[in-house]
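Beneath this line is the structure, given in structure tokens, with notes to follow.
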Amino acid sequence: MLLSSLVINGLFTGLIYGLIAVGLTVIFGVMRIINMSHGDIVMLGMYSAWILFEKFGVSPYVSMFLTAPLFFLLGSLIYEILDPIPLKRREMSSLIITLGISFVLATSAMLIFTADYRTVTLPYSQRVIDILGTRLGYPALISSAISLVLMCLFRLFLSRTHIGRAIRATAIDRTSAALLGVNVKRISQATFGAGVVLAGLAGGVLAPIYYVYPFVGSNFIIKAFAVVVLGGMESVTGAIAGGLILGVAEALGGAFLEHSLKDIIVFVLFLGVLFFRPTGLFGGRERNR
Amino acid sequence: MNLMIIENVSKKFGGIAALKNLDLAVEKGRILGVIGPNGAGKTTLINVITGYEKVDAGKINYDGKDISKLPPHVRARHGIVRTFQIPRCFAGLTVLENIMIPVLLRHSRGEAERRARSIAERMLLGDDLHKQAETLPVGGLKLLELARAYAASPRILLLDEPMGGLSQDRMEPIIRLIREMREDGLTIILVEHVMKAVVALADILAVLNFGERLAHGRPCDVMKLKAVRDAYLGEGHA
Amino acid sequence: MKRSSHRDLVALLLCLGVLSLLPAVIDTRRMPYLFDVLFSVNVAVLLASSWNILGGFAGQVSFGHAGFAGIGAYAVALLPHHLQWSPWLSLPFAGIAAMIAAILVGGIAFRLRGPYFALSTLALAEVARLVVEGWRSFTEGTQGVVIQQKPLYLFEADGALFYITSLWLAGIALLAVITIGQSKSRYFLHAVGESEEAASALGVDAWRCKMSALLPSAFLAGMAGGILALHTGFLDPESAFSISRSVEPIILTVVGGIGTALGPVVGAVILVPACEFLRSRFPTGHLLLYGVLLVVFMRFMHGGILGMVRRKRL
Amino acid sequence: MLELKQVTAGYGKIDVLRGVSLEARAGEITALVGPNGAGKSTLLRSISGTVVSAAGSITFKGIPLSGRPPHKIASMGIAHVQEGRMVFGSMSVEENLLMGAYLKDRRGKIKESMAFVTGLFPRLRERMRQQAGTLSGGEQQMLALGRALMMRPELILLDEPSLGLAPLLVDTIYSSLETLNREGLTILLVEQNVRRALTYSQRAYVLENGEVILQGRSADILVDSAVTSAYLGVPLEGEDRLIRQSL
Amino acid sequence: QETFRIGAPLPMTGAGAAFGEKFKKAYTMAIDEINAKGGVNGRKLQLVIDDTQAQPPLAVTSVKKLVTSDNVVALIGGWASGVALAVAPLAQELRTPYLLDHPALDDITRQGNDCVFRLQPTTGMYSAALEDFLINVVYERQKKPIKAAYLYVDNAFGQGVAKYGIMPFFKEHSDRFVLGVCEAYSEKALDYKPLLLKVKNASPDVIIFTSYLTDGILLGKQAKEVGLTAKLVSGTGAGHSMQDIYEKSGGAVEGYFSSGPWHGDVTSPAWKKWRGDWEAKYGYPPGEHEIEGYVAIQVLARALESVKSRDVVRQREELRVGLKRTTMVTIFGPVKFENFDGYTNQNRAYNLTALGQWIGGKLYQVWPKRVAERDPKY
């Protein structure tokens, strides 16, 4: 009973971890850019959900889609900064630049919204549903469900559409992609935009179940990295799987170990997986020739 | 005397059997040519000999010892040195530095540089010494791959398509060079699709097909076989 | 090459000598803040150089230097805590403890490449933090440890002592960097950084090669953490293993010029005081300005300051 | 169809091509040969836009190409198969082929193109789901070529298409190229196998040190003894006999 | 010097920024009021804030700057216990009075530093009222051993309350109380449900939390979600006594108790007036941090009255002596710094804690009887 509750609960939380990580995965996979401002964009997503809820009473589950274009714009703008940097230098320079952007976003949020903690309390916040003997709050349930749907859609988009394939092809080899008619700059920019939109959406699903303050981004960035690596960078399926594993590991670790030590389980598991699969669960392997 | 004996080696990738119960042997100071259709398992053979892939079954005997448990760099230090089919130069280093790397393992820097220079000259890379390796054209990369492997003081050299992409004016001197190496006592396994080079170099020829040995013997005998022509050579190959 | 290495060494010693005289000219007691900032610069040079050995020369970008620094810091804090030693005497153990940790890290992380390596070091640093937090009976957990700054023999543990110690530690780090930069192993490190397969095909032991960069790197990072903890007089896991301590050396090195001996120095000398200035001037907005500074800097100087000043390879 | 006039191009400050003029006529196979490092690949790159030419003009069907980004040039109907088998390693064989049909107006004919390419290279059909990066060298070469054919180009730039391919397969490929050519595909071919290149092409250019030192009908060049010895190589001792024996 | 400068190393950025901001507001309000009345001894007060990001190493540099470059006469604040542990010995070394108004870890005032003063109770004192209630009400009513669960945030504050408050209590009264689940939890987790499920599984009669605000909110919400209930749920001050916890948890903490520092006599006119002033100025009701910060400045101002010299080093010494002599009653209660039980310069009067209970969105003082606004709902 306890065990099944833990696992179910872990799976639901894992879906949210997955969504937080997907944006990071996409940007990393395509651009080889480790987006250090990812957590802060999630934070912006949470604030925009909060603002629209407080001022206009729009549910975060609706507003996250309304603000998505703005996040796309933000992502495209950030990409504009990175684009002129020669590819070889991009990996390190972009690390520093996105870190700088992270500082800018967090501090701006603080100057605009103050450092106070904010939460979104929906009318049905306290409602609970019973799933196989496990009680789950409505917000947690809806957030997880939306995360799952978004990730699956995005995965299908990447593997089934021409644009999706072009995104992945660009990730692997820009020149070859360009020679096949792919406008690599536009694709890269759109991908960065998409990654940022996903981060914003993650903020949307987090808003009703978590709290937000300007520096909240750092709370999930390490976990998000763990998920990305666990699943194998650049793989959306990997991010989903990584998120689920993390969620369940945390749940079990938190119950059978002291809660503050649950992360040890998570990271040991993480390192264990990498030890046997050095490119993550779903990461591609190059062969020797 | 056989320097390298491959006994009953198998290697599978998922459902694809890249090598199937393969037996091969190379005599010291000889050149074993390995040909076969694309995907026949030639590169895989080199990978298992040098330790980049583990064998599923079988033994790899080198100089009387089973080496199939050793990691690649140890095998290299024992003298088993390979080139890569798709050149893998150290992009950020110059041509000279690329060649110096293996020499530095044994010699001081001054000595390494001297030796590397002379190897580069012999390998027709004399004009490119200070070029960044990544700026070399395909032909240059192939030469660099070969030069670097030679610089590692091999006892047995495994060459994965060293001639592909070389122009005539370079291929001929390189063929001559490889002959000289053999005359100096070096053992060579040569995987190659450029028949002209295979014919000119191989003492013994092995033909792989679907991971199996299709034929084995003196080049002129082997190349006459109908099976080999059907599977590999076609009619107007020269 | 021999001559140039001697020249570098003499220049380095000369610089250290001259800089060591600073406390004789300026009274540290009257300007402890100044010496604090200088101390921070020295520690930053130390930490960034340590990162540079691994990230710049061996091409193994680490996100986990906070782990080594934190372990070093805890060595300095716990040895005196449990054995009633002078914390100064335990300083060398900071480096040694970090090195021991490095052997473990290398065993796990060196199987991985590129970003996988980077992020696994991040995870390892987190594990170290969690162990320290969880092992309360030994480490005092999240509550932290107070480090008594007992004087070192005749010296008083004042700004001058910290300044000079950190200065020479930074000097040692630079020496290590220069030595590596002019040794044979530089070539191997570079080769392994570019392609491990190709290097091992030539007989280069990639693992040992990377380890030979990791060990000194970890040692120096441990020392940085150690002296910093000693200087703070208090240590808790949160600040000892803070991710910003992993990120800072990367920023300094990349901004200064990655893979060059002087890069971290330039980065630290410019950015640490700049950061401190902004922080003390704009208590709430400084990170915004610092962020803008970083973005503008990297956007226009993607090769780092040294990369722009002179295009020198390696 | 394609015309280069006095094209100068290179990397950074170094000019690799120095005033190259060349023409690929519609419906013909034009061969480009020359020693390693002559600038053959660079020439193809400057046509497809991955290297920006510093001077001179490049026109395709009368439209200037200079200054256009590679994807624009691709969408005009020019396919470029780079040397070194640049397949998308972590994508499946099928996805690689589909990428060939990325451009909007090519998407309608995916089925036919796919059937054609897999007919040409049956091995690819067997390996549709395999990750391209795990293919053997030659298989990757087939994939690169197949992917470019999926573009249904008017002009295809081939950089050493036979590199790493088994002789039998080289025959197959060349006869398919010939067929395609007869159906209207214009081909600019870079090839180290000079004899073969000259046999299959109508016109040829010999490039050396970034300059065209010889041009003309392929058949003429093939019989030119000076060229034969420099670019086809004198037969090695014993080689002739061996080859004759083996056939 | 024409002004008295007061240095405040505070987390203005980073995870603790919300608290830095609260104290900044409180200090500013108090200083503005004092300056409006002409300052102290004709000299104005001036606040110098330096950002520590709640990181001890930065705090050390901050303090050196404040003391030697800004020439502050006193240090105040610090917010987090970790920072205060690093700042206290340094203040001592620099002979600059340091008035703690929030960091609660007991050890800070137990190191014999005569320059370090603490206004508010220590962690060990937070749970006193709750303990009293547990013995005199909860146990008395049940008359048989009571199962308890305790969850505390894993940081210096949580460890302090556990180590000096809750754990010794349960040990001492193990005949009457059985402490089952007893765990530290990490502060920034997304999901506490596994932990709460574990508590639920043990079905305790009494649940005690030591939490900050954000974790307190999530614990409250998620406890509801998993259906965790007990006869008595109590926090120990900090997050559980802040108005925010009620509102931001959507009322999930209704009925929770909270044992913490007595926030003064909330029924007194002075307190009510101050509260009104605060709301007028900042637009929200003050909580424990705001009161502490505000009162700390008042205490400093009172002590500064005895500072006569112009040289800042002498001023600091005079201020230290002044603080030592201070006895005053503030809206927060009486203030007097004493040495006792190993503490140095600890305000003993605050050894008084009160138990509040969230009833209808308001935290009413319900225990001890003397200061209760209404009866506990239990």
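Annotations
Letters A, B, C, D and E mark the chains as written, and numbering starts fresh at 1 in each.
Criterion: a contact is a pair of C-beta atoms (placed from the backbone, for glycine too) under 8 Å apart; a residue touches a chain by one contact, two chains touch by 3 or more.
Just so it is clear, the structure is predicted and the values come from calculations on it, not from any experiment.
The fewest steps needed to get from chain C to chain D, moving only between touching chains, is 2.
Compared with chain C, the chain whose C-alpha mean position is the greatest distance off is D.
The most central chain, judged by the distance from its Cα centroid to the centroid of all protein Cα atoms shown, is A. Two chain pairs, B-C and A-E, are weighed by contacting C-beta pairs, with A-E ahead. Of all chains, the one whose mean C-alpha position sits at the greatest distance from that of chain B is E. In terms of their C-alpha centroids, the spacing between chain C and chain E amounts to 36 Å. Mean C-alpha positions place chain B and chain E at a centre distance of 74 Å.
Annotation: 27 Å between the Cα-based centres of chain B and chain D. Note: centroid distance chain D to chain E, computed from Cα atoms, is 76 Å. For chain E, residues that reach two or more other chains under the stated contact definition are 13, 154, 184. Residues of chain D in contact with two or more other chains: 134, 137. Among all residues of chain A, those that touch two or more other chains are 106-107, 110, 218, 258, 260, 263, 288-289. Residues 11, 34-37, 41, 83-85, 123, 134-139, 141-142, 160, 163-172, 192, 194, 230-234, 236, 238-239, 242-243, 245-247 of chain D touch chain B in their complex.
Only residues 28, 34, 36, 81, 84-86, 89-90, 92-97, 99-104, 106-108, 110-111, 218, 221-222, 225-226, 228-229, 233, 258, 260-261, 263-264, 267-268, 270-271, 274-275, 278-280, 283, 288 of chain A touch chain C when the two sit together in their complex. Residues 48-50, 69-71, 74-75, 79-80, 82, 86-91, 95, 98-103, 107, 131, 133-134, 137, 147, 151 of chain D are the ones touching chain A in the complex.
On the chain B side of its complex with chain C, the touching residues are 50, 52, 71-74, 76-77, 81-84, 88-93, 97, 100-102, 104-105, 109, 148-149, 151-152.
The touching residues of chain E, counted against chain A in their complex, run 13-15, 17-18, 20-21, 151, 154, 183-186, 188-195, 197-198, 201, 213-214, 217-218, 221-222, 224-227, 244, 247-252.
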